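Structure in structure tokens, see below.
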Amino acid sequence: MLDLDAILTVIAIWVGVGVAALGAPRNTRFVAHALFPVSAVLSLAITVLALHGVSISPEQRVLPLGLPGLPLHFRIDSLSASFLALIGAVSAGTSVFSAGYVRPGEGTAPGLQCLQYHLFLAAMALVVLADDAYAFMLAWETMALSSYFLVIANHRAAAIRQAGYLYLLLAHIGAIAILLCFGILQASTGDFTFANLRAQTLSPLWGSLAFLLALLGFGAKAGLVPLHVWLPEAHPAAPSPVSALMSGVMLKTAVYALLRITLDLMHLQVWWWGVLLLALGLVTALYGVVFTTVQTDMKRLLAYSSIENVGLVFVGLGLALMFRAYEMPALAALALTAALLHTVAHALFKSLLFLATGTVLHATGERNLGKLGGLIRAMPWVAWLALVGALAASGLPPLAGFVSEWLLLQTFLLTTHLPASFLNMLVPLAAAGVALVAALGAYAMVKFFGVIFLGQPREQKLQHAHDATPLERIGLAWLAALCVGLGLAPIAAIDVIDPVTRMLVGFGLGATVHANGWLVLAPVSLQRASYSPLVFAFAVAAGTLFAVLLVHIVYHARARRAPAWDCGFGQRNARMQDTAEGFGQPIRQIFEPLFRMRRELPSAFDTRPRYRVIVEDHFWHWIYKPVQAMVERAASLAGRVQQGRIAIYLLYSFATLVVMLLLAGR
Amino acid sequence: MIALLTQAINLFAALLLILAFAMITQRRVLNLVHLFTAQGLALAAATLDVGYLTAQPHLYASAAATFLLKVVLLPALLHRLINRLQVRWDVEPLLNAPLTMLLGIVLVVFAFNLATPIAALASSVARSTLGIALASVLLSFLMMITRARAVAQVIAFLSMENSLLFAATAATNGMPMLVELGIALDVLMGFVILGVFLFQIREQFDSLDTRHLERLREE
Amino acid sequence: MNMFASATAELPLTVLLASPFAGALLLALIGHSRIGAAINVLASAVAAGCSLWLAAIIARDGASTAYGELFFVDPLNVFLVALTAFVGFTTSIFSRPYMRIEVEHGRMTAPRMRLYHAMYQLFLAMMLVALTTNSLGVLWVAMEAATLCTVLLVSIYRTPAALEAGWKYFILCGVAVLQALFGTVLLYLAADRVIGSGAGALLWTHLDAVKTELEPTIMSLAFVFLLLGYGTKAGLVPVHHWLPDAHAEGPTPISAVLSGLLLNVAVYAILRCKVLAEGALGNGLPGRAMVAFGLLSVLLAAFLLHRQRDIKRMFAYSSIEHMGLITFAFGLGGPIANFGGLLHMTMHSLTKSAIFFAVGHAAQKAGTQAMDQIRGLLQISPTVGWGLMIGSLAIVGMPPFGVFASEFVILTSAMRQLPWAAPLLLLALAVAFAAIVARVQPMVFGETAAMKRLPHPPALVPVFTHLGLGLALGLYIPPFLISWYMRAASLIGG
Amino acid sequence: MPISPFAFVAQLLQLAVALAAAPLLVGWVNQWRAWLQNKTAPSVLQPYYVLHKLLLKEAVVAENASPLFRVVPYVVFACMALACAIVPALSTDLPLAPAADAIALVGVFALARVFISLAAMDVGTAFGTMGARREMLIGFLAEPALLMSLFCASLISNSTSLTAIVNKVAHSHFQLYPSLAFAGVAFTIVSLAENARVPVDNPATHLELTMVHEALILEYSGRHLALIEWAASLKLFAYSCIGLALFFPYGVADAHAPLAMLVALPALAGKLAIGGLLLALIETVSAKMRIFRVPEFLATAFVLAVIGLLVHGLLEA
């Protein structure tokens, strides 16, 4: 049996599992303990099959479904296989977690959520497998629709409904742009199979138009500025496993699709495409990370951090496109590898962190950072596993986040002379931007972890918060392990990515990396740059051990517990710690112009002084509100036509008649 | 004799057009009914005439039907309606008479221009009347637009139908029997329904001014 | 089965047309009694069965005429016949509990029920005649009759709004139908120069045979009148004004059949005329005119959707939008576009009538059609809520529902034949999407307002039957259906 | 890659020298600062006494401190030791060097910073969180600046591996690099900030309005505090070595001449002595700045380093 068949079968079973949930939609135990574990196993199966599929030659299948003349085509090649593996790996974690997470609550019934969840998984898998425009759009929109229903799972809250609506609307507008893009790619042949799109060659003008449409469509899904506004609304609204999937995997399907279209379907290469992507990516990353640091809602914070990381990924893509256009395959491969590695890394640590917030939410019922704190004592499992995610998200060695950022910076450094002189100026600037983003990311993550898990509990109820359930722990641990694994053995990941880059830009890092041995990661040569996470980790561990032994053997290990020093003030309480606002305040001050802030400052004479600051996004008022107003205006104009008087209606049809007669008479 | 009859058709056609004009300007509802009756009469006569000229017996039947319906039945019903609903005068039309006339003339010219190439092609005895028929159709349309009273609109509607039937007869020597019958049936049904409507509107708004019927709108 | 197999089209056709007529007569007498609704369902069921039987026969031995040449059935109209009869049937099922509830709420009286049932059947009969007849004259007569049947149904509640809607419906469509009549006259005029006068000159089969010899100047005028006449009934902008009023004020089953069926029949009439006109003129003018009307309708309707407060009125505008899309597709012409148009006709009828079913019950539960007073349907009755939600998502073209498939076909063929139009259409679709979802979401989800329990259980089988069919067709169109559509599409040509 | 015994020795020697001499360097700087400020200076060995005393004391740990709090000092110490081990101070033939290049080196410092900030937040006192916030604030600007100034050097040597950089500058014919001037200034500013020196921070005070590093470690005592202080001195040592390696790498032994180590050791001592003197001088002549001036101060460093990159692209590429 072919790989693809097996995968399609597993996907079908996924859907089956979802449908099975309709059997007992309100039976939480059945859904949680029977169905979700099964789907987790299926996810693992998908991962294995996909990892196998990376290296084998492409396979195709045509299902007798869909439109006449355009049945559903599916195809697996190294690109789709690698993304499929990612989907499987992450969803395995989220599914196990969900098994422990699902609770009967108001809003959509567990069974229904289970169905939507599995449709979501299946749709994402089919997106990366689709091999014709119809199948792609079908999967793409189903993905948006199912996730929309999941986002508004708790639909009693008006804010959540608003978020869902905004999300669905932007997704649909994006989908329309994508459809138009396909319309251009088929070059009026009427054949929408990817095979045919591949065969077409476009003029630079039409090609660029198609690229821009694709950028609009997939940018809306990936959350590129200024199309990012739905992310910080939708992610907090959704149940945590869903946020994990959306942020970890769904955003990446946009990356996949953009790669598919620009590097696989289109042969045309224009240098400024890459520059545009690079610039957009940088802006997005900076914008995202700056907003991350000032958030006070833990899931919004993570959502903005997702925007940041997507931005970094697009920086890599931009470089890859640029180098491809300038026929520098080696560099293109390097940039692409960096981008893909970061895609994987972000998928892992971000879903880990979202799941962690889920457990915190269930344990405390709080999303507001200002009311959390000190949870590392109440829920050590979650805390320590989340710490792994947070360190990885801060891009610290030897964890997952660091490798990709390291490779990205290497790409900048190894950039040789580019034809356009201003690009040679742009590249270092971009490198500086990336460095700044990475550093700020660490700031945000310290805030995230420190305010939630460290310090003293800011509320009484946090004292007796319960730790994650065993199944939840498994889910978290799985993702944490993957974070560490990817960080320690990037070469294994590069082996998976190698065929992808060879397929897309005609060059792969695999050979050079292996030339320098399994221990050291050297993308070009040992003399140019090298990094060995294993040795690194070992050295740090050894150093720690050495220090422990030194101190304890040469001296002693006596320690005494005492109350923390209160500087002689006498009454030290949790309110004296930095709040989330306080922790973000310096950044807010430094990057003030980026925000739209409303402050409520207490006057000196307030009996009960309170300070409040609301940080908003400029783009609402720059783009979205005006567009909305425009549509309303157009609607009211159109309304004039229909103003109730029958004589006027008759006049319309009379006038139409006369005009048509005039036209026909000639 | 034949020639005379042939010219007679044109005469009826002219009559029809004049009546249409008269209706546009007429503001007394009762007179409208009279004019409408006259129109029906002219139509019936024309149908009879064409039937005789082209020796198509089924046109006699249709002429008879027209006479019964348009000259006897509908006017009678209209009279009863007007008496029951107490509408003697139409309210001020949305467009004053001279302007309406002017528009009407423009329409006539337009219709003639439109019809001449077709008339040249028509094989019927009364080809030249097509333009007139078209003109009176447009005129009745105009009347429907300008009149504010439901009854007036109804009469305009009916006269529009008259001129259409005339066009059918004159230009094509009559439609197939089945169609003619169907049309007659529809007209009858339509009129009955109109009557019902007028009463319903009257009892709902105790007036037949269509200005009351402007609630459903998008503004 | 043998008897069925050997039968010609005549037998099923006879039963098909006879059953609604008989039903109408019977119901005119006892339509108000308790069994009235049952008879209504029965008659429609018979019609539906016969339509399928007829379809099977046509699918086997192709187009055929019946009763001399009075009736003519080919793949194009038999598919519409089947659709009409089917939706008529499901609607009658829906109307049974719905109208009972209306009676309970005191909005319907016995005589009105009698009128309603009789007219419902007569309306069905007239549409079936209009579809199956071979004579364009009879087609006109049937269309006029269908209009007259529904006028009184639209104003049946006798509220001021209902009367206004009925009056506008009557006057506007009446004028339109007269224009269509004039067009038919001109057509006849053009025909008898070629075929010679007499009944034969209006028979589609004959006209189709000689369409290239028809006089262009006359045909162009004729097509103008026919397009405007039947176009008004199809609700094309700028002659659509009757449509939202009539849909919003009439009883919901009538809104369902008006939107799901009458509009289709009107488009069908336009199609028949377009084939002749294109044949005679040789240039693509008729097609281009339809494209223009279609585009205008889609755009205007999409924006008007943003101003709606009444739920049925909103979906009426969505009907205008979709009719525009269909007209656009047929205007494009070519096998693929026509295929898309036919597919969209099917999907729209199924989906839109399903939506109206759900909307009807939703409005009954809330006791109003004002959208800002309908809230949290899921809390009070999940089935109605999900029906409305899924239906709305289907109608705005969300996959995996059928509307998406047909829209995909139409848009792609537009991209090939008329590239500049595709962005406009997509813009309109996006605007419509925003409007409809924004209004449906709070009605379905969220906190529930106080809603009344219904005295009778709502009929939700039709809703989910339709939506299920739409879903199935969106994923998989069975081959025989495809070949059927294809043959129909080739008949339209263009 | 086969590790030559010489390389192994070199590695061990450099690590040992760093661990041993780091406090001495601090003592040396403090002594000179005192002298320059006309104070009687403490002995140059003072840091050793302090370490010994702290290690003898028992550690007092806050009641609500989590295990994280107690692990951190060891981790930080390990990070700094690793940093000292990979910076080519004595020889460019270091087995550990390939494990972490310039970027990874910045990563090590970041790792230490994040851990100590988290530890500071762990107990949940006002000072701890304030210190963590300020430390991260300094870090998020200092880190990219440091990275950029390292990039200038690595662009020149076409490599991010520190040993390669040193080899390029030290063991090839002499050449002047304008971009390195910018990088040098930037690096100086960064190292002042990173090592909690005036004008950014003053290790000698506990004035809550100004203190950063001291606020971070306020809760630590006994052996934990000792390790952190030791780590701090290692950090200073590492930064000095980096500075020397980038801008004055002469005298460092290279792979092919193991005996040059004998020269390298005194060379390093000399260079460090002068460096410490300069540091003391800077600290004496400049005044502590307000905490919100610090970002501007570091932003200058960042901008200078970036300009250095551009200059390189303009003149030297």
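Every chain is named by a letter (A, B, C and D) in the order it is written, and numbering of its residues begins at 1.
One rule holds in what follows: a contact is a pair of C-beta atoms (placed from the backbone, for glycine too) under 8 Å apart; a residue touches a chain by one contact, two chains touch by 3 or more.
These numbers come from a predicted model, not from an experiment.
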Most widely separated chain from chain C, with each centre as the mean of CA atoms: D
Computed distance of Cα centres, chain D from chain C, in Å: 80
Chain centre separation (chain B, chain C; CA means) in Å: 31
Chain A-chain C separation of Cα centroids, rounded to whole Å: 44
Computed distance of Cα centres, chain D from chain A, in Å: 36
For chain C, residues contacting two or more additional chains: 167-168, 171, 175, 221, 244, 304, 307
Residues of chain D engaged with two or more neighbouring chains: none
Junction residues of chain B, two or more chains touched: 114, 141, 144, 210, 213-216, 218
Chains that touch, pairwise: A-B, A-C, A-D, B-C
Chain A to chain C touching residues, read off their complex: 64-69, 134, 137-138, 141-142, 145, 152, 155-156, 158, 161, 164-165, 168-169, 172-173, 176, 179-180, 183-184, 186, 188-190, 192, 631-632, 634-639, 641-642, 646, 649-650, 652-653, 656-657, 660-661, 663-665
Residue ranges of chain D in contact with chain A within the complex: 1, 55-56, 58-66, 68, 70-71, 73-75, 77-79, 81-82, 85, 96, 98-101, 103-104, 107-108, 110-111, 113-114, 117-118, 121-130, 132-134, 136-137, 139-141, 143-144, 147-148, 151, 154-155, 158-161, 164, 218-219, 222-223, 226-227, 292, 295, 302, 305-306, 309-310, 313, 317
Chain A-touching residues of chain B, taken from the complex the two chains share: 94, 110, 113-114, 138, 141-142, 144-146, 148, 210-211, 213-219
Residue ranges of chain C in contact with chain A within the complex: 167-168, 171-172, 175-176, 179, 220-221, 223-225, 227-228, 232, 237-239, 241-242, 244, 285, 289, 300, 303-307, 336, 339, 378, 393, 398-400, 404-405, 408-409, 411-413, 415-416, 419, 422-423, 426, 429-431, 433-434, 437-438, 441-442, 445-447, 475-477, 482, 485-486
Residue numbers on chain C that touch chain B, as the complex places them: 135, 137-138, 140-141, 144-145, 148, 151-152, 155, 158, 160-161, 163-168, 170-171, 174-175, 178, 181-182, 184-186, 188-189, 192-193, 197-199, 201-202, 215, 217-218, 221, 244-245, 248-249, 304, 307
